[in-house]
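Taking it in order: structure first as structure tokens, then the write-up.
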Amino acid sequence: MNFKSDNTASASPEILAALSECSAGATASYGEDEWTATVKARFAALFEADVDVYVVATGTAANALSLAAMTPPWGSILCHREAHIETDEAGAPEFYTGGAKLVLIDGADAKISPEGLEEALTRNRRGVHSVHPGVVSISNATERGAVYAPGEIAALASIAHREGIGLHMDGARFANALAHLGCTPRALANGAGVDVLSFGATKNGALAAEAVIVFDVGRARDIAARRKRAGHLLSKHRYLAAQMLAYLDGDLWLRNARRANALAARIADAAGDWLSAPVQSNHVFVKPGAAVLAALRDAGVESYEWGAPGSGEARLVVSWNQPEEDVTRLCAALTRLRA
Amino acid sequence: MNFKSDNTASASPEILAALSECSAGATASYGEDEWTATVKARFAALFEADVDVYVVATGTAANALSLAAMTPPWGSILCHREAHIETDEAGAPEFYTGGAKLVLIDGADAKISPEGLEEALTRNRRGVHSVHPGVVSISNATERGAVYAPGEIAALASIAHREGIGLHMDGARFANALAHLGCTPRALANGAGVDVLSFGATKNGALAAEAVIVFDVGRARDIAARRKRAGHLLSKHRYLAAQMLAYLDGDLWLRNARRANALAARIADAAGDWLSAPVQSNHVFVKPGAAVLAALRDAGVESYEWGAPGSGEARLVVSWNQPEEDVTRLCAALTRLRA
Amino acid sequence: MNFKSDNTASASPEILAALSECSAGATASYGEDEWTATVKARFAALFEADVDVYVVATGTAANALSLAAMTPPWGSILCHREAHIETDEAGAPEFYTGGAKLVLIDGADAKISPEGLEEALTRNRRGVHSVHPGVVSISNATERGAVYAPGEIAALASIAHREGIGLHMDGARFANALAHLGCTPRALANGAGVDVLSFGATKNGALAAEAVIVFDVGRARDIAARRKRAGHLLSKHRYLAAQMLAYLDGDLWLRNARRANALAARIADAAGDWLSAPVQSNHVFVKPGAAVLAALRDAGVESYEWGAPGSGEARLVVSWNQPEEDVTRLCAALTRLRA
Amino acid sequence: MNFKSDNTASASPEILAALSECSAGATASYGEDEWTATVKARFAALFEADVDVYVVATGTAANALSLAAMTPPWGSILCHREAHIETDEAGAPEFYTGGAKLVLIDGADAKISPEGLEEALTRNRRGVHSVHPGVVSISNATERGAVYAPGEIAALASIAHREGIGLHMDGARFANALAHLGCTPRALANGAGVDVLSFGATKNGALAAEAVIVFDVGRARDIAARRKRAGHLLSKHRYLAAQMLAYLDGDLWLRNARRANALAARIADAAGDWLSAPVQSNHVFVKPGAAVLAALRDAGVESYEWGAPGSGEARLVVSWNQPEEDVTRLCAALTRLRA
């Protein structure tokens, strides 16, 4: 029962099949192929807008390229203290931006509030001596499994735009957020004021494919040049594009996400008041104490302890193809332990 | 008849099949999987040495990571004027190294000679005012299709090591070079003094997989950290590793390269004295003049003009799966035009 | 009555005189002159140790060069939340290091405690996904005017060294700290485990001169190369060296600092329980509320409000040549307002 | 007889005096002082245009800041192979720009021609695979002592502007060039299409003062932020400004340059056909062979050998305050040796 992360999962059969299907014959390289053109058209339709699209192989690359295009090197990246870009990307945003500074904001469930953002903006008002406001970045779903509703995003976007800076959304689990809300992709992204979206596919069924979707080109120039010099422009680019097309085809992405979310909801029910964060995506945070966590481990549940060592809290992540049996057994164990 | 580049080719069926085969079940992410461990062992056996191995999705990433690990930001990267790292990577080496300077060396067939290297080393002997010698980088096969023999490499390695710096080899087409020479991998790499090798697979049959092979860890530290913060550590790393394993299995890599080399040799025979560079790999350079190139285009031959516009020279690249019929027709056209 | 900052002060006459005195004749440039050699010898004697010395024109340069030499680009710079390198250098540490991350630590009086440092070290224990521990940096005197005693420094140094990283001290006001403690320079620097010291002179009487003093060369390589490529190696270097020599001659540096500290102590006495930080150097923090601050302004006292707007707190900095009359009048105003 | 470099010279008495004169009382720091405001007004008058002015302590900083503001990190810096930014700044342009690539152009007397520039521009026309044209940089006077006339500059500016990029001039010896031509400052800078000028003072009489003069703000944004985070915004900024004012007062700069140029012309007359470059500033290049150079050394003449070791060529630089006796003796030696 591996609930460690959705990146332990394999790829969807539909996506693997697409790789073979696009393998006939020679084609133009470096993204000049027809699959890549179709990807752009598909995203334009999905978000009901003109978009620029840059497909890359990792979420860290998608985030770092987006942020580098949105802030100068002397800018700040305003984000939550638990944001993936702060805690898990080994300084990739700093590398790609040429040294921008992540300014951290607290907030429940890894979400930032308008008040939190306003406070953070005041921290660097010392003119030439401070870093300048550069870009606001939020994750949706967040690193604590919570989901920003469109109105919450719009409130942050409006502050960012008032400051003359853009709003980036790390959508490594955008599908899970969308599946939770049931709104349109547009409503959760450009419609809410998001300027650039890292649209994830890898965690939800692809092998390695993430798209940077640029809604406001004026706020994110030069990604083509940045991607190439970062070594993220794949020569046989059709293999990235084909993954993304299969991911979108027949709403595979939403079907995968809905399934994972639904299984997570079952776990949430079983966990009851052990829950330590709202369950709105495929993440379940429980804080039953160290003894219970040990009992779960003994029962065969693999997961990451969360927070400081000995916190007694754990993160359980449901993958798109998590065996239903895993969830049933986990729920049974939780029910038994809570009794 | 697409002879534009070997990156227009699709992937080998064996490699596509390997992606599906490794897709069963959850596995550890970020390179902690068993396929990745096997890749390392396979390369150790291949090069008869302890090696560190870092698999990434592009050759630019492999080269830039290697170089960044080998030179300080204030170092020089001594390479041929036509090196891929100088002409085609959009400044990736400069980005990854934090601003190292490419110092360019002339030489026939895109090869650098010991004399050329010595001369270049003398250009920056102004103490703190100059960049310092950082790393020597050669391509094998070269960007002009030529192949360095082990002795030639050893001569350059010995100069580099005398200066206290390392030798990097861009082996985007290492398989083609090896197929040409028929020696062991070791003889052409660590045995000849190469410290770090970018071992290419993408152009010769993979979807997107290149390996940085480190022979001398003392000359290339910190690649793990650099790779992660460059966004080149894939989460579902098994899909990179599986490509590389299938590439090595049953000598697929050498079979692919031998086939391409042999077809290139046929073209060379047909091109006769129009050849403008030695044909030792899967590249054929011809300089028949603009009128002949136009006639070839009219005959359906797609290729890149080489050198300055109007140079009358073209590069013909044979892919691993180039239809034999393409070559037969190209040879016929050449023979006809030469008559 | 300008109490805004010690960098509003002019230069000591002794230092201005030294500039003219060193102006006779041609001399070797770029630090090959005799004055520079003497500076190094003087610092070696002062700190009773072999030292490397790099004189530059600004404290930001001294700090950023030191930090860049001590941490890799993927490292963390562990420092107090109010550290000058975090709040007032516009991202210079990030620029010079190639994107290291400042990890912020809370603590009274802008000092970090061993517990605070230990906690911060635990924040980034996620292997390749985290930035690595890079360097610990403290300011002495701190940005709140407090002074670390040798034992406090040694406790932090011992944690840093246990982690395999170095301890940097921003000594922009090292003279004020030393004047407060009355110990030897060595006791407050290398004797307490400091590996690299930014030794300030500008704020305490020089025109523009700060020295990077390296005690442990193994922890701070390559500063010569870094300084040159940062444009901080002055060609007529004697003019930096001469400032530093005059600063040290006859203990000018300590005399200036003692005077400023003593005047600050007089203000502290007058401020009484309005003091909001210990007065151990030339800084006085008072928090009498907005109305009193307005009254002080009306009385002609210029200073910076501290903290959030409307905090009712102010920072009063005494310069090396602050007119005694300024202090007398300020004390009178404080006494009157407190009555 | 020290003819090694003009940076071996001391500072002009007028400039030293100005440092003391500006030392009365406290003043605003970081360039908010009145001297700095006056510097800007003086340059606006001198160049008959609105200008932004940033004074820094070194020419390398002035050049690197200018270039970083003019090219993106993936741009090229098109310059002469012997340009100071290529040969003597240890990679500072690469550091400040975040990794731009210097594309080198050949040309007599270290000058680039329109043809040379056009050729260099064609080297990187490979779309996303190449670096993009970033900025053209010329030195006036050049590193070989030659002077670009206004028309020559305008021809290069017109090519640069056609490409959508700017023209930077390294004017470390702008005064010498202007003294040679006798035209107005405007005619040799903004009037000829220069967008940003590094206006040198250090080599010609200042202690350490260079100004970045921005004529076209649209081509060089963000220098204020870049200067601060590079540690080149001096806190006691008046001491930079006062140097620059004294340098301009009473045409001290032109008087110093005219004197040095005139002495160089005397040496040129004595050197006759040993001259290896035109003498149009304070530099004299002679190529009399190794034996004569040895004889000059024996006669007490200190200078740098030029070119490859054993080239038999030397560079003789006349400082602003070079003793006339030095020149007289050098001329006598040359005359004697040529006899």
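Here the chain labels run A, B, C and D in written order, and each chain numbers its own residues starting at 1.
Keep in mind that, in the parts below, a contact is a pair of C-beta atoms (placed from the backbone, for glycine too) under 8 Å apart; a residue touches a chain by one contact, two chains touch by 3 or more.
Everything quoted here is computed from the prediction, not taken from an experiment.
Taking each chain's centre as the mean of its C-alpha atoms, the one that lies farthest from the centre of subunit A is D. For the pairs B-D and B-C, the count of C-beta pairs in contact is higher at B-D. Each chain gets one centre point, the mean of its Cα atoms, and the points for subunit B and subunit C are 50 Å apart. Centre to centre, using the average C-alpha position, subunit C and subunit D are separated by 34 Å. Note on chain placement: the centre of subunit B and the centre of subunit D lie 41 Å apart, centres being C-alpha means. Residue numbers of subunit B whose C-beta contacts span two or more other chains: 30, 73-74, 89-91, 94-95, 98-99, 128-129, 225, 228-229, 233.
For subunit B in complex with subunit D, the residues that touch the partner chain are 73-74, 87-91, 94-95, 97-102, 122, 126, 128-131, 308-309.
Residues of subunit D that touch subunit A in their complex: 30, 72-74, 98-99, 128-129, 132, 222, 224-226, 228-229, 233.
Residues of subunit C touching subunit D in their complex: 2, 5, 7-11, 13, 16, 19-20, 22-30, 56-65, 89-92, 94-96, 202-203, 207-208, 225, 228-236, 239-240, 319.
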